[in-house]
Amino acid sequence: MGFERFGRKSFTSQTKVAAFVDYLDKGELRATKCNNCDQVFFPPRADCPNCLGDGMEWVEVEGTGSLVSFTQVNYAPAGFEGDVPYILSLVDFGKVRVFGRMRSDVPQEALKVGMPVKAVICRLSDGQVAYEFLPAR
Amino acid sequence: MPKDVAVIGVGQSAFVRGYPGSIRELAFEAFREAMLDASIGVKEIGASVVCSAPEYDRQRSPSGLIAEYLGLNPQPTFVIENVCASSTSGIRAAYSLIKSGLHDIVAVIGFQKMSEISSAESQERMGRGADIMWESPFGTMMPAYYAMHARAHFEKHGSTERDLAMIRVKSSKYGMLNDKAVYRGEVKLEKALNAGVVSSPLKVYDCCANADGASCVILANRDRAVELSPKPVWLLGLGAATAPMNLTGREALDGLSCARAAARQAYQMAGLQPQDIDVAEVHDCFTIAELMAYEDLGFAGPGKGVDLVRNGETYIGGKIPVNVDGGLLSKGHPIGATGGSQVRTIVLQLRGEAGAMQVPGAEFGLVHNIGGVGIYSNVIILGR
Amino acid sequence: MPKDVAVIGVGQSAFVRGYPGSIRELAFEAFREAMLDASIGVKEIGASVVCSAPEYDRQRSPSGLIAEYLGLNPQPTFVIENVCASSTSGIRAAYSLIKSGLHDIVAVIGFQKMSEISSAESQERMGRGADIMWESPFGTMMPAYYAMHARAHFEKHGSTERDLAMIRVKSSKYGMLNDKAVYRGEVKLEKALNAGVVSSPLKVYDCCANADGASCVILANRDRAVELSPKPVWLLGLGAATAPMNLTGREALDGLSCARAAARQAYQMAGLQPQDIDVAEVHDCFTIAELMAYEDLGFAGPGKGVDLVRNGETYIGGKIPVNVDGGLLSKGHPIGATGGSQVRTIVLQLRGEAGAMQVPGAEFGLVHNIGGVGIYSNVIILGR
Amino acid sequence: MGFERFGRKSFTSQTKVAAFVDYLDKGELRATKCNNCDQVFFPPRADCPNCLGDGMEWVEVEGTGSLVSFTQVNYAPAGFEGDVPYILSLVDFGKVRVFGRMRSDVPQEALKVGMPVKAVICRLSDGQVAYEFLPAR
């Protein structure tokens, strides 16, 4: 339980990495790292496909990433209608790439592929918790 | 060049905005046409494979239902699902059921009926064909994913919204000739460029429309194909590959790695090169998908797909005619039926039966069918 | 006796009432065990087949998701669905992918997680695995269909509620020995006979419980199997058949025609007879299903299954030990994982690794896996 | 459209044989018969798997059938909870078999495999329409 609190609308509540949401509550965006082969995973994983191990630790996704691509969505799927328009983005933080939304006050005109971007934690009005991006200056 | 398994019958329902019947009746329309095309009876069919993406209609486990309605009991049947690539994965499975010796003749039936749910509901279901834990909670939908690919392609290669619009202009030209297409209207360049933005930079005419429809492809082993069919069309090469479902696992967004891998396998198996292909059906769920396909399939070098567009090389008469049946953009995209419909188009082309859409003398054809946003890819090369 | 394709690795998660993780994590549990069993790396796997019934969880097109999580990109993958028979249909498809030469090694992953929805919801979804136009509107559910078979069997052959209860007593005996079983308790005859009626004449202990779980079976062609595995277990016979989904299309309800047809094919392919089988896993989603299986598989003549029950012949030490891992009734029935788990049990038996559940010296084993209420049937015969 | 009115809860509204519901409204239980090969189908079909034709006519399911089997359901799937217990039955009318419910006032103790049964049309409280069985005397 716990994962139902992730994002505008979560589709599942149970995962071994539900602590991800607890870290969001503390203001931290975390990935997991395999104790055995040191690979860092985002989205976080409970299991390592390289060594088949399940020894993982939580590591922070820090610093500034590079905007890989983005799009402004003008029509939303069921359950997200109240949010349009919103900007979906993929950001490369070096060890990991992270998928998410741009903060709602960032206009798409301010965005450019390759620009520096950082992730911040956000709390939605209904108690849901997520992360979002904004240009880093 | 392996000639072990051939297509001996193809069928397709009209692709329509709202089919007024049930899924079983829809599937029957394609099946009837394929059976008449193959001139065989239901007892000749050794097994069926039913291809459909779930949750667009309420029937669960449709293979049992469809097999019953088509008269295909007691033969085995199962559902194969790869979202938009379901029916080419079904054909891959059917190929191996035949080549392995388990069955002589297999029918692959693809269908989708999406019109009993709203568009927002169908977008929500499509969104759940991505990573529901880490992507769907942000409100993802198919146009958005492909839009991100479009922007990446624009940035890296200098392609433009105009290039994409030109692809749609081509689709509509051929959709107007295809009486089974859902969109029969013309789309002029200005109309495409001035249309509303769905997910930037993709606009309305960059996106295929949902459609209801069904397709059926009947495959046979060498002996039965030669015996039964005056014009068997052989499966010469099959390639299949995947990429991580979540975009975070992709190296780059200006092409689809799974399509490149599948194409490599298919060319190798067939012993052919991109320049040997006379006609292709590629998965143009969005205009950008067709542009990327040109490059992923080797019809153009990396980033050079725009040259084919700007020089009209993918029209009939050009270097490599692509989607000259209207493609997903104009013919329509009933998810589970799409791959089978693509194969049908190529089969008709190779038999010389494509009418106004015929590419003269086509000898080798290629089908490129993608599931999800570059999650699954099947490439199939067919020949006379 | 064909020795073309073998099982080189098997794995299974614990079957549990409510798995506390996601479907990808659940699938990984079975995959890890199978990979360690096979002692191979993910790069050796040429393709994966993912088997699951949809709508019990929210992920659509789970093959892409599962392949990504298991590290199985860029290899191809697809979903095969036959409701409760999904993973044996996946094994049939994997067999043909290998035998056809497309792949050398294929992993078949079955999973189901039903515990995030209520029991009434899961019954509704199961009901929609029947004919949604002509059966579901009456409020059908799986126990009701099998109950109608039970009543037909009782009337025609003189079988009784007590015979069914005795089958459950056996299951519970072996479920107590299986540390991966969801139901580890003993069920005494009186307890089974006095339990509440779910759908007359079937009572609570006549029905398997929903469970969450995953299974994984890794198959290889002859050369790779001999190279990699100290104890390959061969797929000697495969049979598959169907019956009309709607009960109105069935000739009789005292047995499953699809199981009889599939068994006939499997015995013929293996060159074996029912009496050659040393241990069997049959699809006992309900006690009556096990009783019918005895007859459909030829372990007993028509209507004579009760003799096996009454004489204890399906216990270890009897003529034909059946479901000595607890079966679906006690081990549990996570729809998409069930067939793979049955195959795993037989593989362990034939390797002599079944521990307290071992049938001494077992040489040939049989798996009988049914989808829906006798809609789909797979019978697989395995041997050392 | 129209098929959403069939049964306690229909799961689809569109079929080429939606006229089935119109016949129920008129008090008639109908099957279809292939014009070409004369086979009668229940459930009714728009297409014939024998001859691949779609020429069908509506014929009445008449007379008395034989009860093939039945069960009393004590737990219902979602949407049917208000109806329990109810008795599901399969009845053989010779040319066709028909699946449905026994009328709610018929106790299961009154039923016996092989007994004569007839079908009657029933209108549910919310305007839905269906057929049901009862013992024929």
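A, B, C and D label the chains in the order they appear, each numbered from 1.
Note that in this section contacts are C-beta pairs under 8 Å (C-beta built on N, C-alpha and C of every residue); 3 or more make two chains touch, one makes a residue touch a chain.
As the structure is a prediction and not an experimental result, all values here were calculated from the model.
Taking the mean Cα position of each chain as its centre, D sits at the greatest distance from subunit B. Simply put, of B-D and A-B, more C-beta pairs touch at A-B. We define each chain's centre as the mean of its Cα atoms; on that basis subunit A and subunit D are separated by 52 Å. Taking each chain's centre as the mean of its C-alpha atoms, subunit B lies 39 Å from subunit D. Chain centres here are Cα means. That of subunit C falls 32 Å from that of subunit D. Residues of subunit D in contact with at least two other chains: 3, 11-12, 15.
Within subunit C, residues 22, 58-59, 72, 128, 131-133, 246, 249 each touch two or more of the remaining chains. By the touch criterion stated above, subunit D contacts subunit C in their complex at residues 3, 6-12, 15, 42-43, 68-81, 83, 86, 88-90, 96-101, 108, 113-114, 130.
On subunit B, the positions that touch subunit D within their shared complex are 19-22, 25, 28, 32, 35-36, 42, 57-59, 69-72, 116. Residues 1, 3, 11-16, 45-47, 49-50, 52, 54 of subunit D are the ones that touch subunit B when the two sit in their complex.
Subunit B makes touch with subunit A in their complex at residues 118, 120-121, 123-124, 126-128, 131-141, 143-144, 147-149, 151-152, 155, 196-202, 246-250, 253. Of all residues in subunit C, those touching subunit B in their complex are 22, 47, 53-55, 58-61, 63-65, 67-68, 72-83, 86, 89, 92-93, 95-102, 125, 128-129, 131-133, 238, 240-246, 249, 257-258, 261-262, 371-372, 375-376.
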